[in-house]
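Next up: some structures, all given as C-alpha cells.
Look for chain A in each of the two complexes below; its partner is chain B in the first and chain C in the second.
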Partner chain A sequence: MNETIPMEGMKVSGDLVRVNVVDACLTEELLTGFLKGLTENRVNMSLFIGGKGSGGMQFTCCVAAPDQDRLKTLTEPIPHLKACLEFSAPVDLLSVFPHRFNLKALGLSLMALGKAHIPLHGFCSSLSALTFITDHADLGQASSVLQGSFNLHADPSRTLC
Partner chain B sequence: MDDKKLILVVDDDPDLVEAISMKLASENYRVAKAYDGIQAWDRIREERPHLIILDVMMPNKNGYQVCKELKSDPQYKNITVVLLTAVGEAVTSTNYTHMDGKTALADEFIPKPIDLDSLMEIVKDYTR
Partner chain C sequence: MDRTLETRAAYWESRIKTYGFQRVTGLSLFEMTVHTERIEALGRAFCRMGDAGVGFHLVCSQASSQGLEVLLLAPAQYRKVIEEHLQELVEGPDKVFGRTLPAEMVFFQGPHFGDRYGIVDTTLRALAAKGIQMTAMACSGSCIYLVVAEGRSEEAVQALSEVFEIPKAVSHKRSMPVG
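Up next is the complex of A and B:
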C-alpha cells in the first residue's frame, strides 16, 4: 500500500550534542535543581525526554554543541549526576509536522529510516511534531528519506478550522 | 457564508503554532498557519486574514520584516499584527531589540513565553 500522508514542513535543528543520563538513580529534586541551573544559565534544550523507572529518573536531552562545556560545569555540584552523563558525537534533530495525531506517520517514519539503515538515537512526539535524533553525518540521507515518505507541502496550511 | 474571522498564525515552532491554533479554533475562529516569513506572505495574499499573530525570530524572513512590508503596503496595512517578541534580555542569542518592534509598526506586542489567555483577549479586542 502506497499511502502518502501530507505534512506541511520539516525542521532541522543542528549542531547539537545528545546528553544521556544512565544509571543515575536521580531523585526528582536533583533533576529539578539541574534543570533550574540550565534555565538560569540560559542553556537551551532543543529536546528533553525524561522518565522514571525502577532505577530512578533518567533522561536524554539535546543542547547546542557550544553549550556542552557549560553543561558539564553546571553538573559539578552534583557529582552523582556528573558521573552518569554521556555526551554523544554531533547529532541533529529532524522534525516533521503536523502529525495530526496520526499514528501511521510515526510508523512510516520509523520504517523508512530503518530501511535506509539510519541510526536513531531517540524519537518523540509533541503537540504538532514527530522528532527524530540522528547522527549529524546522516542528516542528508535521513532528511531525504523522510521527505520521500511524506507528501510535504502537499496541503499547504490553508484555512484549517 | 462563513463569517468566522480568519487568523493567521506564523511561527517557526510548529508546536506553538498548533497550540495557538487549537485555542483560536476553540474560540470559533478560522485559522491559517505559516512557518516562516515567506510562507506568511503567501498566506496573506491567498487568504487575506483579519489578524496576524507573528513571531519575530524566524528563518527566511523575520517577523519585523514581514510587519514592515505589510504596514507599508496600502493593500494590506489595515490587517492587525500582533508580534510575539522574545528579544534582548530574554534571548541572549538575538540581536533584535524593542526598537525594531516599534519601527515595524505592529499593533500589539506580546512577550514570549506567551500567555494564551492574554493573547486571546487581544485577538478578541481587534476582531469585534
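Up next is the complex of A and C:
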C-alpha cells in the first residue's frame, strides 16, 4: 500500500511529559481530585484521553515538562493517587492535518509508525488533526516517516482545531 | 540580574464560554486492545475502512500494559463493515480484544480551550453533579469530545449548560456519514 493522501501540514508540540494511569486502577473520585489539583495549580493539559475501563478510570494526559514537579508535589499527599500515576520520559505531540474524517489518514500514519518501530503512547483526533504521542527521542524519525506518508503542502496552513 | 522581559497571562472567566454544544446520536463505539507489534496491521485495517468509505467522529488511544487501548466512534450504520475489518485483526496471530457499544457524543469548543487549564475538570464535575458517567473523553487542540452511553447525551448537555456559557442553541443531529 504505497498510496499517499494530501495533508496541509504537520505541527509539533514539544517539551512535554506524559502522565498515565497504570492499569485502570483510578476511582472517579481520585480522577476528579487530580483534575481539581491541576486547576488549582493552573496546570494546562495539552492533551487528555480518558475512559472507563473494567477496573476503574484510565487516562493519559500530556503536560508541560516544567509542570511535572508541581504535579508530583500535588499527588504526594494522596498515596492512592500517587500509586496509580506514572510519569513518562519526555514526549512530543506530533499532529498532521486535516484528516477530513478519513480513516485512511490514520491508517497510513499507523502503518508508517509501526513499520519504523516507533513507540506510540497514544493518539487522538480533533476536529481537524490527528495527534500522536511519541517519545521526544524519536521525534526526528517519527516526523520523517509521517512526512513520507503524506503529500504535505510546501506552505502549510496554520489553522488547527 | 535577569534582564529578560517576560509576560505571564492566563485567560480566565468566572463562567467558561463555549461556542455551543453539538450532540450526535446513533453512534457505535468500538473498543479494542491492540498489541504494540500489531500497530501496522491496525493501520492497514483503518486504510481498508477508509477505502470502503467509513467515516468517523472520534478516534483515540492510550497505552496500557496490554498494548494500545483504541476507541473508534463512528456512525452506527458502519458497524457491520467496521467489525468485518476488525475481525481480520482478531483472527491474526496476536489477537485483538474488542467490543462494540451503542453510544452518543457531545462535542464542544471554546475560546483558547487548547491552552488554558480547568476545562476537563469543569466538564467532569458538571457530569458528576448530575450522576452522569462518561464512557470516554478526549481533548486535543481546542476540541472536547465526550462519549456517553446511548440515551444520555441530552442530560449531559443539560448538565454542561449549567456550568458553561452557551451563546446559541444546542445543535443535535442523527449521525450521518462523515468526511
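Here is the rule we go by: the second predicted complex is superposed on the first by the 148 of 161 C-alpha atoms of A that agree within 3 Å, B and C clash if a C-alpha of one lies under 4 Å from a C-alpha of the other, contacts with A are read in each partner's own complex, and residues count from 1 in each chain.
FYI, a contact is a pair of C-beta atoms (placed from the backbone, for glycine too) under 8 Å apart; a residue touches a chain by one contact, two chains touch by 3 or more.
In this text the structure is predicted, and so the values were computed from the model without any measurement.
Once the two complexes are laid over each other on the shared chain, residue contacts for A:121 go to chain C alone; chain B is not touched.
By the touch criterion defined above, A:98 lies against chain B but remains apart from chain C after alignment on the C-alpha atoms of chain A.
By the touch criterion defined above, A:106 reaches chain C but does not reach chain B. By the touch criterion defined above, A:70 reaches neither chain B nor chain C. Applying the stated contact rule after C-alpha superposition, one finds that A:28 touches chain C and leaves chain B untouched. Comparing chain B with chain C, the partner in contact with more residues of chain A is C. Residue contacts after overlaying the shared chain place A:42 against chain B and chain C alike. Of the two partner chains placed around the shared chain by superposition, neither chain B nor chain C is touched by A:82. Contacts of A:9 after superposition: chain B is touched, whereas chain C is not reached. Using the contact criterion defined above for the overlaid structures, shared-chain residue A:51 touches chain C, although it does not reach chain B. Of the residues of chain A, those at positions 42, 95, 126-129, 160-161 touch chain B in one of the two structures and chain C in the other. Within the complex formed with chain A, the residues of chain B that make contact are 6, 12, 14-15, 17-19, 21, 24-25, 29-35, 39, 42-43, 46-47, 92.
Only residues 8-9, 11, 42, 95, 97-98, 126-129, 156-161 of chain A touch chain B when the two sit together in their complex.
On the chain A side of its complex with chain C, the touching residues are 1, 20, 22-24, 28, 31-32, 35-36, 38-39, 42-53, 58-60, 93, 95, 100-115, 119-131, 160-161.
Across the complex, chain A is touched by residues 10, 36, 38-51, 54-65, 68-69, 71, 109, 114-118, 120-122, 124-125, 128, 133-143, 147, 178-179 of chain C.
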